[in-house]
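Common to both upcoming complexes is subunit A, partnered first by subunit B, then by subunit C.
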Partner chain A sequence: MLLTATDVTKTYFGKPALRGFSYELDRGKIIGLLGPNGSGKSTLLKAIAGLIPVDSGKILVDGQKVGVRTKNQVAYLPEIDPFYQSHRVIDVLNFYKSCFKDFDTQRAEALLEELALERNQVIRSFSKGMRVRLKLVLTLSRRAPLLLLDEPLSGIDPLSRDTIIKAIAREFDPANQSIILSTHEVFESEGLFDEVVLLEKGQIKWQGHMESLRESSSLKRLLEEVYL
Partner chain B sequence: MVNLEFNPERPIYLQIIDEIKKRIVRGDLKPGEKLPSQRELAAIMSVNPNTVQRAYRELEDTKIAETLRGQGTFVSSTISIKELQKDLAERALGEFLTEMSELGLSHSEIKELLEKALEKGVE
Partner chain C sequence: MISWKLYLHEWRENGFYWLLMIVGTIAVKVLMNFGLFPEELFSFPLILSIFAYGILCTSPLAKERKNNTIYIKKSLPVPGYVHLLVKIGWLMSSYVLYLVFWCALYFRFIVGEGDTVFLFSDTGILEAAFFLLAPFFGIVLMQFSYLIANYVAKFRSAFSFWAFVLTFYLVIRIVPLVAKVFEFLPDFAIAGTSGSYVSSGFILAVLAVSVALLFINGKLWDNEPAI
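After this line comes the complex of A and B, so read on.
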């Protein structure tokens, strides 16, 4: 198993964010992580990335307990922007290269082109869509087996959204990788997912295979129930 | 291939198969012609590469396409376009009939409507 979470609990100042969350994921899948605001999506991704400690329960990445060593296995795209305003794209790439041993500069250059960004552009001039595109370049340039993408599709222009979805579809490597992508924009990205996991109040409310849902004609109903 | 609007009530891999069959029947894709790579098609259609793989596998199993090692997937050179056309027509007909009976129309009423529509000419 690439990811095993067992009975994970996390509380922020007395408010539960994850309540006995258990889940298993193998390589080769793109998972849509759905759920309303405050359902625990971001907390879950941060916990898997090793950015926040959990109160109880266990998270294993490729059989290892989440910690310093599992950070090589996980590439995390945060919802917030980690950039300095005065940096150029190339400065950001160099910074990441110094942080991550597995950062592939050649791949990053190719991805810049695919995501319509240029090396000398300054972050200050970037739209939200461009910032997310740059974050995706950074995340995909590491050949990590587990990619965690926190809301890469929310609040950006339709063209950026389309570019991002296509880049994920093209770059995903099913033989070696899995991706967990949290989103609100499920109607536009649902073609990407093998499975969806619906979180509610820190627990899995529902999960299933997208193609089987379509087969049984229950996808539309489910999505409408969740989002309308 | 351009973006498809997917029907949420039918598995996407089947919709990809339908689209490729349609293109073959219309002559947009010729027997022996190379199909886009799975990765390319996944990106073009904004879908999971696993879904495209499943569609291609099914096209191979039904002898509509063939994969040559290291070269890619091609429209089968021995394909019968007539047969493919019949397949697609039967599916469209099936959907049409289901919808008509859901509207509560009898067979003779459907026939009558269809004849009238055909007389008027297809748009």
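After this line comes the complex of A and C, so read on.
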């Protein structure tokens, strides 16, 4: 299994974020992580990426307990903007290249061109959409087995969303990778998902194939209640 | 070498403050040359730089959190103590560079005419240990008090202050006990005194406590409950 989460619990200063979360994921799948605000999506992705510890339970990435070593196996795209504002695009690329052995510079260059970003642009001058696109370039340019994308479509105009979804679908390597993508833009990105996990109050409310979600009118209504 | 890249990164992110101190030090010297600043206060920039570096002990850490760049740092396959050691390395090396610059600029005032300059006296080890170990311990202690405060939801500043005071007190109590372990090692003579010695065990104890604190800080960094 690429990812195994067993009975994972996480609280933030007494407030529960994840409650007994268990899940298994193998290679070759794109998982849609859905749920309303505060359902624990970002917390789950941060815990898998090794950014925060869990209170109880365990998370294994490729059979290894989450820690420094598993950070080589996980490429994480945070929801917020994590960049050093004075850096240029090329500086960030060089930094990632020197920090991650699996960083593919050629892939990054191709993605930069496709997503209309220039190497010498300074991040301070970037719009929100450009920042998201740069985050995506950095994450997709890594040949890590597990990609965690936290709200990559948030605050993006529909045209850019389409470009981003296409880029994710094209760069995905089903033989070696899996992607967990959390989003609120369910109906725009549903074509991307093999499976969907619906979180509510830190627990899995529903999980299954996208087809069953489309066919089940009650689940569709549930999603519409949450997102519309 | 990720550590080296991170070190260069520290220069890029915080080098501005260092440059500001260099410019300030030159400005004071220029004012002094024009008689607009009293020569007796030649150590003023140095004292100011000590205060500035006191703030810089934790402000780069706080800045990472404030600007969300901590997400990048924490995603790297590097243990927490390495991140902290890189920050300590930058603080100490940049300060040594500043000191060299300050000494060069105010050389005439430091040594006086006809004086002989000894970079290290016959007790050079003691001086080197003091000048390297004291800041190292100070920075590690400040990092500890900053990081431990991230484990509470409220009153972080007050918690950080008391963590600093109590840990400092604990270290004062622990160091003599640890020093006894190294009692068999030779003592160092203190320059300018006849028959006064400092136990090398004391220096080693401070070093041991500082390194232990650095690793504790690394664990605190790795296991911060929320970012």
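As a convention for this text, the second predicted complex is superposed on the first by the 214 of 228 C-alpha atoms of A that agree within 3 Å, B and C clash if a C-alpha of one lies under 4 Å from a C-alpha of the other, contacts with A are read in each partner's own complex, and residues count from 1 in each chain.
The rule we apply is simple: a residue touches a chain if its C-beta (ideal position, glycine included) is under 8 Å from a C-beta of that chain, and two chains touch if they have at least 3 such contacts.
Everything quoted here is computed from the prediction, not taken from an experiment.
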Requested in this report: Could you say whether A:Leu60 touches subunit B, subunit C, both of them, or neither, answering first, second, both or neither?
Outcome: neither
Query raised in the report: Looking at the overlay, what does A:Ser98 touch: subunit B (first), subunit C (second), both, or neither?
Result: second
Requested in this report: Please indicate which partner A:Arg170 is in contact with in the superposed arrangement: first for subunit B, second for subunit C, both, or neither.
Outcome: first
**Report entry** Partner chain(s) touched by A:Lys46 [first = subunit B, second = subunit C, both, neither]
**Finding:** second
Query raised in the report: Regarding the shared-chain residue A:Lys71, is it in contact with subunit B (first), subunit C (second), both, or neither?
Result: second
Requested in this report: Check whether A:Asp162 is in contact with subunit B, with subunit C, with both or with neither, and answer first, second, both or neither.
Outcome: first
Report task. Based on the superposed arrangement, let me know which partner A:Leu192 touches: subunit B (first), subunit C (second), both, or neither? Result -> first
Query raised in the report: Is A:Phe83 in contact with subunit B, with subunit C, with both, or with neither (first, second, both, neither)?
Result: second
Query raised in the report: Once the complexes are superposed, what residues of subunit A are shared between the subunit B interface and the subunit C interface?
Result: none
Query - Parts of subunit A lying in touch with subunit B, wherever the complex brings them together - result: 28-30, 162, 165-167, 169-170, 172, 174, 189-194, 210-212, 214-215, 217, 219-220, 223
Report summary line: Given the complex, residues on subunit A that touch subunit C span 12-14, 46, 49-53, 68-69, 71-72, 76, 78, 80-86, 95, 98-100
Query raised in the report: Considering the complex alone, what residue numbers of subunit C touch subunit A?
Result: 2, 5, 9, 12-13, 67-72, 74-79, 152-153, 222-227
Report summary line: Touching subunit A in the complex, subunit B uses residues 6, 8-13, 39-40, 42-51, 53-54
